[in-house]
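Both complexes below contain subunit A, partnered by subunit B and then by subunit C.
The block that comes next holds the complex of A and B.
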């Protein structure tokens, strides 16, 4: 029997017997799905923004250190410059960029103030591939090369030190022997980042830093950025094999708070999905039950005329599938339009401090994730049809004798 | 009476309904045969069990005791799906309240039965259109029930009941909602279709005009057959 050719026109026309109810259900499904998809896109943008803010200054996708460096982040826990085996992995296709650094606690003294900070000796060309600091220089310039003896300070630190471009500052730190080393640097640039990072990190060329600290060509850390985060476990394993005895960790271990926030936001999307779905399900079941109860006689009639209960169930389910499907299409289309409209950025400057508190940037960039949109839409549709089984089952259970008895 | 096997045979048919502690006997031992080609009316006071008897013969309800055989098939031995299929292929229904499917046009209502039977689209459309022409509704094929008068709707119901050439048509008070002129036309129509198509009719009615046109009249009182004109005509 051409079941669909029999059921589809009936189901479609039945939907419009009570247009008001149909439009209300459509709106419930569309608005519910719209809020899920747009909320998911914003949360994803927020999660990416906060992750990028945390990782793109220094951490990258992961780091390599001397074994005890993370417990004692001083120059005493340094390691040799990366050898051939380590470089072979770092220069491999899974790694987008990497940079070795010298990094030590220091104090920076201007004419007016002395403040704590971390001195980083960096290779500017490599840093450009993995860090946003070279890009975010707001005044002056970034470092020109490994031997550049200038210093780039965070804009807020410079303000607190009451120093400025062209002025000199004194940096003091313990050297390889434990003695106090100091060196004068000219301020060549100021960078913008979160206030915490601006206060914390000061950058100079790797060679002046190594010379000041007397560590030869040793380094404190190697930071690497992966082309695809999904490849992190394999790359970490390869680096561990290439650098036995070194401490290789992915960013999730280096920034556990950021990782936890990231997981929480992913989980929150699903919590929101379930909250909205429960509300939608109540709406769908309520309206479909009303539609079924109003038509009990009709379902009895269909069975009296020779329509099997299974086909009655299929007819009511098809009505729900069409109704929810239309709502899903409308909701998804509106969500795609909204996300595309805001893909250029949602400016959160009006709550800048709040955004920074959560580790996010000032501008969120929601993006269209077609697979996620399709999966969530399909899930909402399938779950909606599933809950409609209840009213459909009621319809299929209608007694054909009802029709005769009503006619008495 | 024809000597062929009956289309419907009821033996010792009882139906009891229980509401709490109260038991109501709707049918109390009905023995009845409907022969092929019968045009029989079933009358009796309200509560005499007419609708219950039609429900049991139509396989819409199950008896408390006794047996119904339709065209050689014992209904008590059929499951829900098999009963539904039997109704689809062997029984036509005409209801007091017309009971057309409101979202389907007149021709689609008639086609619906054929579609359930799996008849090819072109054939079913041709047969449904012919059935509507037969009941005098030519040109009204595309009207939905809401755009048809009560008499026209009941004609569509008759066309729907007969289009699949069932063994028997069960009609429950088919003229009760119609004015006298329309009711008369409907009776003439059913009598003509009975004569031409040969389908058996069992019509529950209070309408004296329907009873007058029937070839057989059965009286039901308190759940029993109290008179049957066919029995009266049988040779001693």
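The block that comes next holds the complex of A and C.
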């Protein structure tokens, strides 16, 4: 401890013997860490946004289907309305909300165009708990109840059909017997989502859809949203037990691309960390080596006066630790300030529909993840000190006789 | 004076009632007039040779076909010329439609998604073939006016879809002559804007009845596009073998 009280002031004073060099190294560390942290927050926001954009429309945290539904997504692969055992799990505390739906490929016809889409018969009250579509109605209204015979179309689909609020469209689909079922629906609302989703999904009340398709009270899928994604395996297992013979899958199995994107984003943060760290390390090693070479006579003298090489090593390491520590603090502080400043959302509207190609929504919400911030900062600091071992070793390894006779 | 006019009014009403019973040609019942027009067009059964001309601003082509119909819900159309289209056939039984392509040697049951597609590139869709009589069943009819055309009385009939009927149109406006010849059928969107119109351009005797020999379908918003259908010969109320309207006959024509 006595060593540290001697070394710390020495290290601190040595830092400021060449302030310009110290400031430059500080800047390298601070800017590097700042970029890692802000980039990580943005990537995380992007990953969450793209995941939510994919999941919050229909998928939810997971879904229950009839066994062959995912291979053949028609009304032929349907299941009975959820029974008491399934409901018991779905109404349990781990599930935030759930909705059963009728879902079938269909054709929507207006006076001018006939376009393919998917018809979804939904329970509006349940959908509100798990889907963003009821909230994202941009014109008109969402469905009022299970028996609502109106239709809510994607804004872009309505435009392509040359139809609008209040007009009739005809929906044609295969019914339970394989015959062509058709029904007239009045457009009561338009929703906005990604263009792909807008073109794909059309919503009506579950009862008119069941009546049109002649399937009684059967449904095509149950979508559930979990309060905490970490509980997914347990809930999936419980649902499988409660609904034997049904196909229960978490979102990672239903939307593998989204899941892959999500884990890639996490990996990418660390790839970026390594790239930035290598650059920072070059800067740190270079500065510290220069400093050490400049001071070989000083280290020789210290050793000649009786300072142990271990203490010389500790002194130089302490210098680096202080230097990098200051840089890390400055970088982290700036990153926190930046993320907090943008926590209201980064508007990507300037990218227009381009952002959709990356699967993200129009506004990103960077979020402070204290654990990740602390971990990355500590990692950068520790790795920085680790690379500083090299110049420190050089300093400690210099032989007093040699360096003092050498030069000047 | 008052008494007299009331009596004559009563007489007129009685007369009108008697005429309505006498037949659609004399009466002003919109639904009956439309039904008469469809019956005149098709008969109980029919066999006809039809030439279709598809006109576009850049090109024009002609097709020849044979058609057989029986009642409201059976129809078979087979193309005979040009060689490229020869053998292509469409069979309609009730609400189901099959198309046969000889080059693929395959019959396809028309999926819903194809119903609105153009029928061999013309301005008619498969829906027009399959749903032609919807105007009788899915609409309410009202006479909006009369005119005298070529010495006949022509009735303008407005057909409005019944509530909930699976119909995209806002309304149809039909002009029918008192002898059952359809003169014009116009399709309006739900804003009552004209979308397309089919007009009868030549009327003549055919198969022992006055018949719309030439029909032309024109989309309203695309000038220079039209499809003309000319019936060159036809027999009505003929006996047709039951085997005619079958999928096997669709693929392997006999007789």
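Observations on the structure shown:
Quick note on the criterion: the second predicted complex is superposed on the first by the 401 of 408 C-alpha atoms of A that agree within 3 Å, B and C clash if a C-alpha of one lies under 4 Å from a C-alpha of the other, contacts with A are read in each partner's own complex, and residues count from 1 in each chain.
As a working rule, contacts are C-beta pairs under 8 Å (C-beta built on N, C-alpha and C of every residue); 3 or more make two chains touch, one makes a residue touch a chain.
These numbers come from a predicted model, not from an experiment.
In the superposition on chain A, A:116 makes contact with subunit C only, while subunit B stays out of contact range. In the superposition on chain A, A:129 makes contact with neither subunit B nor subunit C.
In the superposed model, A:6 lies in contact with subunit B only, and not with subunit C. Contact with subunit C, but none with subunit B, is seen for A:173 once the two complexes are overlaid on the shared chain.
Looking at the shared chain after the overlay, A:107 reaches subunit C, while subunit B stays out of its contact range. Once the two complexes are laid over each other on the shared chain, residue contacts for A:182 go to subunit C alone; subunit B is not touched. In the superposed three-chain model, the partner touching more residues of subunit A is B, compared with the other of subunit B and subunit C.
Remark: subunit A residues 106-107, 109-114, 116, 163, 167-170, 172-174, 179-180, 182-184 touch subunit C in the complex. Across the interface of their complex, subunit A is touched by residues 95-96, 112-113, 115-117, 161, 164-170, 187, 189-190, 195 of subunit C. Considering their complex, residues 1-2, 5-6, 9-10, 13-14, 17, 297-298, 301-311, 399-401, 403-408 of subunit A touch subunit B.
By the touch criterion given at the top, residues 46, 51, 54-55, 58, 60-61, 80-81, 84-85, 87-89, 93, 95-97, 99, 101-104, 108, 112-113, 115-118, 121, 160, 172-173 of subunit B touch subunit A in their complex.
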